[in-house]
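Look for subunit A in each of the two complexes below; its partner is subunit B in the first and subunit C in the second.
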Partner chain A sequence: MDRAENDIKKRLNRVFRETFGDEKLEVFETMTAVDIDAWDSLMHVVLVVAIEKEFGITLNAAEVGKLENVGMMLTTIKKHTRK
Partner chain B sequence: MDFVSVRFVIFMSFAILAFHLCSKKYRAKLIMPLLNAFFILTFVKHPTELWPFALFLVTGFWCIKLMERFPTKKNAALTIGAILTLFIYVKKYAFFSIVPFMRGVYLTIGLSYILFRILHILIDIYGGAIKERFSALTFFNYTCMFLTFIAGPIQRFQEYQAVERNLGEKVPLKREDIRKDLSRIVNGYFKVTLLSPVFLFIFNEFFTRIDSARYEATSFILCVVYTGACFVYTLHLYCNVSGYMDIVVSLGRFLGLQLPENFNKPFLSKSFLEFWSRWHITLSNWFKFYVFNPIVKALIQRRNKAGLIPYYGVIAFFVVFFLVGVWHGSSPAFLIFGLFLGFGMSINKLYEVLLRRRLGKKAYARVCESRWHRALGSGLTYSYFSMGATCIWMDFDKLMWLFRKIGIFGLLGVFLLGGLLAASVIALFSVLICWRDAGYERLYFLGRNLYFRQGYLSLKAFILLLFLVSKSHSVPEFIYKAF
Partner chain C sequence: MNEDAKTKFLKALRNDIKTGEYQKVFSGLNRISMHTDDFLMQSKYAALFKAIPKDALALGEVRIAILATGTVSHFNDILSYWLAGEGLSAVIYEAPYGTVHQTILDPKSGLYAMKPDVVMIFTNYRDIKCDIPAGSSHEEAERVVKGAVGEFISLWHALRQNSDCYIMQNNADLPFHRVFGNYEGTAVWTRLNMLRNFNLELAKSVLPGVTIFDLDHISSAYGKKKWHDSRYWYHSKHAFALDATGLVAYDAAKVISATRGACKKCLIVDLDNTLWGGAIGDDGLEGIRLGNGPDGEAFVDFQKFLLKLKNRGIVLAVSSKNEEKIAKEPFLKHPHMQIKLDDVVAFRANWNDKVSNIKEIASSLNIGLDSIVFLDDNPAERQLVKSILPAVSVPELPEDPSNYRAALSSLSFFETVLFSGEDRAKTAYYRDNIKRSEFQEHFTDLSGYLENLDMEMTTGDFDSFNLPRIAQLINKSNQFHLTTTRYTESELKSVMEGDSSHCMYFKLKDCFGDNGLISAVILRKQGAETLSVDTWVMSCRVLSRGAEEFVCGRIVSQAKRIGCKKIVGKYIPTKRNRLVALLYERLGFKKVREGGGSTFWELDLDENTPPVYRTFIREAGKECI
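After this line comes the complex of A and B, so read on.
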């Protein structure tokens, strides 16, 4: 994992902690809604809005719906921040 | 062409043969469009019945072409508005009865599903999620693929593309896969042609009593009869639609088409919220992607306050289920259906939020996992959905009469009685499944024995055939075909 990727993961981890109000939360690539109790369809959108704000990006409807796990989030963020 | 007909068996056999005998480059460009066109033509008696359908397709295609060239916000609103207006016009929505609708008989089967496919393409082109240029052939294959034409599943274009690229590949050639798919097809037909009519027959007995109760029965008896009708109709509905899906998904695999699943043991859902991730999954996902998420996102962007989030959910649920209701049918009864479902989702969400706040995260999770909460949750979910489904089998006037006759307490009684009944049946069913699995383990040698498994499958197919050739046995229409 290079430095840029590491940085994205750290920032994403911070977004997760703030959104779900859990300071001990550590994200991993295969993490899904099953791993976090409060991650339901509503909190998913709250999370997306927080990600958009943190990284200064805008995700389209298909991307928002398809962000099923942290790995997909990292890939999508990388794709947008590279532009 | 009906899925339960000799014509369909012949058609499907020809389709499988054609797919496997032709080279890959002709499958998507020649075989598939020919099969699709032929399948659609079997629904009309005269070519003139096709023109509103063709108009809808051509308009959809040109809207997409416009969006490909100029993907602006204005064009997105214009094209989505145009396609929705045309849909309402062709489907003759009762709310717009002041508009002079087209007269005569014409083809509307499959239009609702085509609408979803076209709308999602337009939204995704605008959002930049689809960058490919559509050819008329790809558009036709995607919107009118014969297996998913009547009632879905609604596959998103991004996933369909991968399917089209591998058309005819990944066909189950292993004996085990073929057995599994054949077994699922037989099970599907079993549900559609045997179980579904049996439940329909019982339902009709209840329905006749509700009808005659108009003049004589007390509210209490009416509540009991109505509970029975709701309970059995949902079983009929489930066998009908999930059986159809079993057939479609498994037949698709013989053509090398990987179609998405639409049902995942919906009656084991612990809540009404969970139910919609297990029932008509592709439709639920469509609404989640293109209606629910954008509404909640827009509201959060307007005012992001933690305490307001559940209420944003309530607003979004009402909008989504209002649209689900309107999509299901053009009569006012479906409006009630949508609002009723939206109310159920909202109450369930608020219950979840309040309980979590009061008990705390850990205690809340413990309560949710407790046996009684799960059983009651499944039962009440089933009951609520069954009551909502009333609008499929009862017209608006009769529905109003029923509400007036039993009142709000009667409705509550039906909900609780149905919930207890469903919870008991689901619990009993779960125990039976455990026993069956334990029995399978003991008789493991039988489960692994190929002759036994093939014999079991053949027996089911034979019973099915006996019923099908019996003149007194009639197969009910596929319910989702009407939507």
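After this line comes the complex of A and C, so read on.
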């Protein structure tokens, strides 16, 4: 994992902690809503908006629907921030 | 406070939640949250607020049913937060997604089971069925618009049949996209003009107890292009930009609060750099900036705006650090001064601190601090008032007077769901009252004063002409209100048509002017011989003038007329109505019971000496309309 990638993961971890109000939370690539109790469809929207804000990106509607695990999030963020 | 600071502050509040310091968390949230903050911040406020146990804050309950054609779960939480700022604890029923019609039309639906105080029908422009072929005639356009509005009118009627709730119906948030471009503002059959006509027709069609929630205004103020960010509509049926949620929830909370009668009654303004540019004490009459020059014009327009608020019933008062004589000069002599001394009910130009002035004004007008808005260009004065009198609303004013109007307007302090002729005359009422108290100083005894007031009372049964004012009085009175009852106009309609209820109103005139409709009483017959006082409210403008004795005398005669031998009344204490805790005792009632803080009173009409209430009020005879 290069530095940029590591940096994205760190920031994403911070977004998760802030969104779910859990200071000990550690994200991993295959993490999905099943792994976090509070991650329901409602919180999913908050999470995605928080990601958009943290990374200063605007996801399109289709991408928003596909962000079902942390790995997908990392890939999507990378794609948008590389531009 | 910028966002980073707010985020840090919220973190600290999360710890306070853990240690159970709920009041501290709530006032902390109130201090930093702005309705203009983005969706994530709003979600954080709402989440923290949700973590406070409901009974930890002394909030009054409001039951709200939200029937929406889009996703409103986030909105509901954020609405609950902003309602708490209005002193209300929301119990929210959310109808299953997309079941507006079914829920309303089924008398057994969860909507009616939850007994809502307010029903919000929450739609968006996509729901309005008024597409017609290009080139259609005016008649055809009108027919289709009426049909689209008719669909909502029948929903309102259906709601009315099963519930006495207040109905909040939003209008259409006009879309950003246009098929015909600018021409959509020309031809009547275009989507945009059809929706514009729909909004007007909807407003024309409101029934008592229905209010239009102006979603189109909120969306315009926010910016149509941003508002119609459709990504989250396609993803999860969020009907408008998530970042506008705070704005919508804030305004909705203000309107819901207005349906409960809460309102700001008085605007206290500073003078130097608030009503004009510069300081009258230093710059003199010719030196202040008013009328001429860019900011001089801005001050004139701001004064005109304040006058319009005054004309709709918000009374104006002045608190300024100045010599009184000098401070009054512009009001008397400046050619561009819009506000005259007659427009101001209380003028406090002195060197006292503003907190004392505000308290004095509140007590001279007999209104609560929570019905006051204080405007001052000086941040230090604002801070002082905010910290010592947290109940007073103190908006931030921008540096530039050009933006004063917008700053005051965007906070939606003066929401109402009713307007009555009495509102227009309010300044005169308060001013006459102050004249009355000056007049009182000429008399050494109270009865001499009261006799010379030359009072005349007109009484009548509730009727539809007076109903808006009666509803307003019942819902806005806090101090002289014995039982805390609140009724919407439509509830009142069914009460006044009921066989077992007797509803009377009272209007008082005196040598200084007309006080208008100042008291309303709802009596209910219980069994064959008991008359119970369900509601008795009176305007505090007419306290200590024998009006309560007069009204009680009419309650007694009404009881006798319908063969009742006993009148029962109760007093339910609130934070604001201690004034009437011993009213019944004063009127000769006997206390029969106490319970849960309330007291229960009885007046036996069979006793040998029925009470005679002596007043100096003439009866004008029953009013017939």
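Basically, the second predicted complex is superposed on the first by the 83 of 83 C-alpha atoms of A that agree within 3 Å, B and C clash if a C-alpha of one lies under 4 Å from a C-alpha of the other, contacts with A are read in each partner's own complex, and residues count from 1 in each chain.
Here is the rule we use: a contact is a pair of C-beta atoms (placed from the backbone, for glycine too) under 8 Å apart; a residue touches a chain by one contact, two chains touch by 3 or more.
Owing to the predicted nature of the structure, the values given are computational and were not obtained by experimental measurement.
Participant: Regarding the shared-chain residue A:Ile57, is it in contact with subunit B (first), subunit C (second), both, or neither?
Facilitator: Touch status of A:Ile57: no partner.
Participant: Look at A:Asp37 in the shared chain and tell me whether it touches subunit B only, subunit C only, both, or neither; answer first, second, both or neither.
Facilitator: It touches subunit B, and subunit C stays clear.
Participant: Please work out whether A:Gly65 is in contact with subunit B alone, subunit C alone, both, or neither, and reply first, second, both or neither.
Facilitator: After superposition on chain A, A:Gly65 lies in contact with both partners, subunit B and subunit C.
Participant: One more residue to check, A:Val49. First (subunit B), second (subunit C), both or neither?
Facilitator: Both: A:Val49 reaches subunit B and subunit C.
Participant: Which subunit A residues lie in the overlap of the subunit B contact set and the subunit C contact set?
Facilitator: 41-42, 45-46, 49, 60-61, 64-65
Participant: Which stretch or stretches of subunit B touch subunit A in the complex?
Facilitator: Going by the criterion above, the answer is residues 123-124, 127-130, 156, 158, 273, 285, 288-290, 292-294, 296-297, 300-301, 304, 309-310, 312-313, 349, 361, 365.
Participant: Write out the stretch or stretches of subunit C touching subunit A in their complex.
Facilitator: So the residues of subunit C touching subunit A come out as 7, 14, 38-40, 43, 47, 73-74, 230-232, 234-236, 238, 242.
Participant: Taking the touch rule as given, give the residues of subunit A at its contact with subunit B in the complex, in rising order.
Facilitator: Residues 37-38, 40-46, 48-49, 60-65 of subunit A touch subunit B in their complex.
Participant: In the complex, go through subunit A and note every residue touching subunit C.
Facilitator: Touch residues, subunit A against subunit C: 18, 21, 41-42, 45-46, 49-50, 53, 58-61, 64-65.
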